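Letters A, B, C and D mark the chains in the order given here, with residues in each chain numbered from 1 onward.
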Amino acid sequence: MTGRNVIIENLQQQPIESHMVEFVERKGLGHPDYIADSLSEELSLELCREYSKRFGTILHHNVDKVLLVGGEARPVFGGGEVISPIYIVMSGRATTEVDSNGAKEKIPVGRIAVESAKRWLKSSIRNLDTESHVIVDHRIGDGSTALVCNYDNKKGNACANDTSFGVGYAPWDTLENLVFDAERFVNSDYLKKRIPEVGEDVKVMGLRTGKEIKLTIAAAMVSKNIPDMSHYLSVKADLKKAIEDKITSKCEMPVEVYLNNADIPENGIAYLTVTGTSAEMGDDGETGRGNRSNGLITPQRPMSLEAAAGKNPVSHVGKIYNVMAASIADRVAKIKGVNEAYVKIVSQIGRPIDDPHMADVQVVSEGGMPLTSNMKAEIGAIIESEFGSIDKVTELILAKKVTLY
Amino acid sequence: MTGRNVIIENLQQQPIESHMVEFVERKGLGHPDYIADSLSEELSLELCREYSKRFGTILHHNVDKVLLVGGEARPVFGGGEVISPIYIVMSGRATTEVDSNGAKEKIPVGRIAVESAKRWLKSSIRNLDTESHVIVDHRIGDGSTALVCNYDNKKGNACANDTSFGVGYAPWDTLENLVFDAERFVNSDYLKKRIPEVGEDVKVMGLRTGKEIKLTIAAAMVSKNIPDMSHYLSVKADLKKAIEDKITSKCEMPVEVYLNNADIPENGIAYLTVTGTSAEMGDDGETGRGNRSNGLITPQRPMSLEAAAGKNPVSHVGKIYNVMAASIADRVAKIKGVNEAYVKIVSQIGRPIDDPHMADVQVVSEGGMPLTSNMKAEIGAIIESEFGSIDKVTELILAKKVTLY
Amino acid sequence: MTGRNVIIENLQQQPIESHMVEFVERKGLGHPDYIADSLSEELSLELCREYSKRFGTILHHNVDKVLLVGGEARPVFGGGEVISPIYIVMSGRATTEVDSNGAKEKIPVGRIAVESAKRWLKSSIRNLDTESHVIVDHRIGDGSTALVCNYDNKKGNACANDTSFGVGYAPWDTLENLVFDAERFVNSDYLKKRIPEVGEDVKVMGLRTGKEIKLTIAAAMVSKNIPDMSHYLSVKADLKKAIEDKITSKCEMPVEVYLNNADIPENGIAYLTVTGTSAEMGDDGETGRGNRSNGLITPQRPMSLEAAAGKNPVSHVGKIYNVMAASIADRVAKIKGVNEAYVKIVSQIGRPIDDPHMADVQVVSEGGMPLTSNMKAEIGAIIESEFGSIDKVTELILAKKVTLY
Amino acid sequence: MTGRNVIIENLQQQPIESHMVEFVERKGLGHPDYIADSLSEELSLELCREYSKRFGTILHHNVDKVLLVGGEARPVFGGGEVISPIYIVMSGRATTEVDSNGAKEKIPVGRIAVESAKRWLKSSIRNLDTESHVIVDHRIGDGSTALVCNYDNKKGNACANDTSFGVGYAPWDTLENLVFDAERFVNSDYLKKRIPEVGEDVKVMGLRTGKEIKLTIAAAMVSKNIPDMSHYLSVKADLKKAIEDKITSKCEMPVEVYLNNADIPENGIAYLTVTGTSAEMGDDGETGRGNRSNGLITPQRPMSLEAAAGKNPVSHVGKIYNVMAASIADRVAKIKGVNEAYVKIVSQIGRPIDDPHMADVQVVSEGGMPLTSNMKAEIGAIIESEFGSIDKVTELILAKKVTLY
């Protein structure tokens, strides 16, 4: 091992799955918080592309503050309309001007903010008309000098932009996998082709008690595709059956599925939307308020409160270290004798990001056995390898190959 | 004549054309003020349609306050880009909720505001991308009770919403016709097909001194269609020639055309835009700040300061009386012996709009001759006929058959 | 006379006062359009001060686009409340950054916009709480390069920023004086001390028919100071009497005063406001939509549509030439034998502002007599003297010694 | 025990304090996220007061979405200025209109949003001028029908508004207490009186490795009170000494304090602000992005991602259950034989809030001993008592007697 500050510890604790009670939640594609996260991240990616194209390098930005203010809609069976558009304000910081060979070059940050948001919405929320159902505004300011200078001073690796940390764990347990898969399935092309009545706003809450799981799913339905309540009920039945067939039946524990549980058909109450997202009806959303960087909300697991979405993938520890911690945990958890791995990485402002203030690996070993020196060496090597190729994290993020929310 | 308060007077004054100096201005299609006017009026028309469709009647609205905040752009020969989008806020008042058979029905005023604006922009400013070059926001409030009640109380004709007035005159003189025609020509399909490099932001200023006219035209050019300065100069030459051939050569006075006079080709200064409107570069616009309701700015003629655009065409005197005054003047000016006609109509708040507080017709007669009783009778009949069919004004406005700005 | 392009012409026309019908309007201190004008101008003045303090010169700005979106209020006798604040967005262009000895200095344009607006509102609208009754936002962009360069290139006098014109006339007639004085009186300290129930939103419309004047005044009353309808009616009576005693009784024509004519006391309808301005209840306002630069709206007189408010007082012809034209007209009208003077001044973009494209003086002489060579010489000298000391106009504007709206 | 769904389990795991590494963070009073939380909560409290005053009951609202967009400032020793104000948009949902005895009554939600925000800022951030350093806007919509109906249907206790959960734990360990106390001390009246140079934006990050603690504190300094670098350094020394004397010296572990660690005095780099908060310089903030409902960020402890701030304290489980879980944990942890207690409470939409879907109590017992039936009975009684007096949570929140962020 090198001089990196690494602590490896053997944690004596029950695996999560032996707890009597466990909750896991995932906010899906069309959830207002998910939309906010996506717009932050899409903007960051687009800025990366633009900075790279113009200057051969990714300049400072941190656009992890998008606010979505819900609109007003009147969904009715077979139709409906948006009364008042959703209002989205893109905010955060980005480098808007660069001195390039003596001349100032302006970066079209404002236009990119609006453009990238519209593009994502258009391609992701099928029934949302980006011309009339949503207003995309922006209030993105200049990057502050202090932060920008990280880049100017850059030698080799970027420096951490803040004193912050990332956390990760592995492996996922049954409930975590189930909740994630359920949402991905409901928002899959496969499902949407078969049941186009289903919108994108899907929220999955899993509750395990002992060995039994209750999966509560709220899925917004698209009103214009549903002529009446009886059609609605049949769509619900179809969707439930599809989830059971394709997802829950493969789970090793018995799973009960509750779908749109607040419906009261006899009173005409159903989860209808015009656009497929509850954002149309007043549910607000903010970047960083939904899923953690692994795509889940897991109260019983270590979580970071940093929003990964929208932060620059070069120097922002709140993004990079969360991805790395999960990646390290993944690899550590595969070591023979390891049941669970928990990883924390702390930065210190101004320190190169490949030289963290501390990396902490907690291992829950099989049978609580002490860690062997071989295991420790393997863990050390994993950390070494991950930090040695920290640029890959940036690349993975740029290639959209990691889940961030 | 009926009991309407009509005053007919014989005005002793030189016709405008005998003044030594005369200015006339017209802001064209893509000018920021013209855009603001258009968005106000399009919204009003769309609201009229929506109210009529839902309730069989046009409800109160007054959306004559649109603000366009210019963006930032970097036009360059052969390309260029928008740096920061134009920001437009639709504002004013409209009826947003109606008690209809005991149930409240919400009118999608916000969505219509955004939708109608985008639609107009898309169809009018060819090189403006409504998804990324412009942000359309709205802050439209409820109609105030006092004004709304005009409609509830409506019996026969609507009541005036304000103490206000309209003015009109006829006929147009040489310079007025020339300025109007020049702008319409530059923004005609004919011209745009032949010289697609020409944008929509066209401003025409005419100055007559004695019998000579100088026509100063500023026409935004679209940068992506113009590879270099030499192409720019040839486009300018073509445009100038076209104007001379089709418009100014037909004028009875000698006309000198000045096109994009602030250009300094040797310094690379040309009137280039990415989108065809100077709104992209920081020129702001507001409803009611551009052309008067006849489509011109004519300092030497009576003008009203009311914005016709965006006002409801049923009870808003600032709109209806301006259109009527012009229409009356037109007809009066055709009476034998009449050289010029000036018409003013004053409302009184709460009074039916077909019963104005006063209608004043000033006639400049041929040779300053006194008005004959026949002439007066004809004028009276015209007024009678116009007020007797005041609903036609509303219809003409709804059919977009009158110029309003 | 010098080489300046001056045209002097003898106009054969009736004086305005011999027309049968004349309208004059003035929007007073608390009217939404007047507020917008004031906030534009106050911001311009504050920017002038700031630029001068920092750089010894006034830099480019043009902040003549303020939008006020009316709020919502519930005034009731003896109290009431603001439901939703007035929303004001300050917009336009200003120089936000200056290269000063190699270092960039930022000008706090955004803060000044908000600060100056709040300060004016606080000191002008007595019952408006600037912390809770109003939201002041800003969207002021950078000055565009093309315009800014006027200043860099400045030698001696600034260059005109646009092809534009100013108009002025003199003397004011009876109705014009009356309307102006009436508003000033209702908004005077004298009156407000005596009748504090009267708000600032005062609109005066004067209509002269033959030799009789009807003065229609709408004056917002402050609800918390008025316990009930009977108090309201007595306030109205007091105000009417004060106006008659102090203003209309001194008029040479008989004047009938109509005060808050839309009131229907028996139905409880009175012109009540919480704050003293109708902006609280949904009346929107925009810079440049109210009074012309002499403080009046006069359809029968030549008017410019330029907003004087908010434009920079150094190079913006839309401001300077309007002030100058009025000043020249004033002086010309005092020449013996002159009844009325009408002045127009045209700029040409890029031309020094003291060298106008043309100055046109129209004189209505006593008895229609031809102008003597002496009169012409006097007029020429006035123009010469005004243009020779054009900087004084800037100084007068900075010292707030000229009416601009 | 009653029929409530309670699960009590004995958790086999090391106490947190035996982990080798632990992080705890607290964002203090003037941190942008803390400001956003505070403005959300202050608005909720004010709405509660207003609804209670008018209707005798607290109506639906959920204003947990405030966005703060950082401004721009130029702090310099002995002075400095705000260049561009902080922009805050209050958003979320609230009941804006109530049918009360047949008449509609409007609630001044917009005004209250602006007013309560200004009031909090004025009283909390001493050097922030609410008239010029900040713009407070709002975009609060109506509560959606579905949620509002909870209130209409209310019988006895309110129903849960969502399927959600709260988590809590006790007791706090050494590091958690230290981090919390440190921030509270730096923002205490005591400290601010002695060292007024210290601003409100204080962020404390604690890192424990084994038995040693590093406390990294970032404290914004107020530039106008600090004439030069040497004064700055002495203020830092004084502040550090005060923290050591009053806080860290009382800690049972050795603590090293790092204060404003990014300073580079020799390069003139110091943590200066004009207003005492980094919000002035571009740090954005959002409700729910900072401290969890116990006032800390603790990655190694169960955390909920719900923002407690701004939610209504009557039916919003994301607020009430988080407070209750902490309260239950507190009481359970005091039971003899209990080392640590972890509590989770799950709601189900539509179910009365005093009848949770499940309450889960995990106990880490002394020495890992099994829970006795007495202990279980005590725990059951605590839960019973807490749910039996669930209204007290609402009262405590209304009285501002619980930490929420």
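We adopt the following convention: a residue touches a chain if its C-beta (ideal position, glycine included) is under 8 Å from a C-beta of that chain, and two chains touch if they have at least 3 such contacts.
These figures come from a predicted structure and were not determined experimentally.
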item	value
For chain C and chain D, chains touching each	none
Chains touching both chain A and chain B, listed by label	none
Most distant chain from chain A by Cα centroid	C
Between chain C and chain A, distance of the C-alpha-averaged centres to the nearest whole Å	55
Centre distance in Å when chain B and chain C are each reduced to the mean of their C-alpha atoms	23
Per-residue overlap in chain B, given as positions that touch at least 2 other chains	71-72, 84, 87
Pairwise touch network: line, ring, star, complete, or other	ring
All pairs of touching chains, each written as two labels joined by a dash	A-B, A-D, B-C, C-D
Complex contact set, residues of chain D against chain A	7, 9, 11-14, 19-21, 23, 65, 67, 69-72, 84, 87, 89, 91-93, 139, 141-144, 146, 163, 165, 167, 205, 207, 209, 216, 218, 261-262, 269, 281-282, 284-290, 292, 297, 299-300, 302-305, 307, 344, 346, 348-350, 357-358, 360, 362
Residue ranges of chain B in contact with chain A within the complex	71-72, 74, 81-85, 87, 106-111, 114-115, 118, 130-133, 135-138
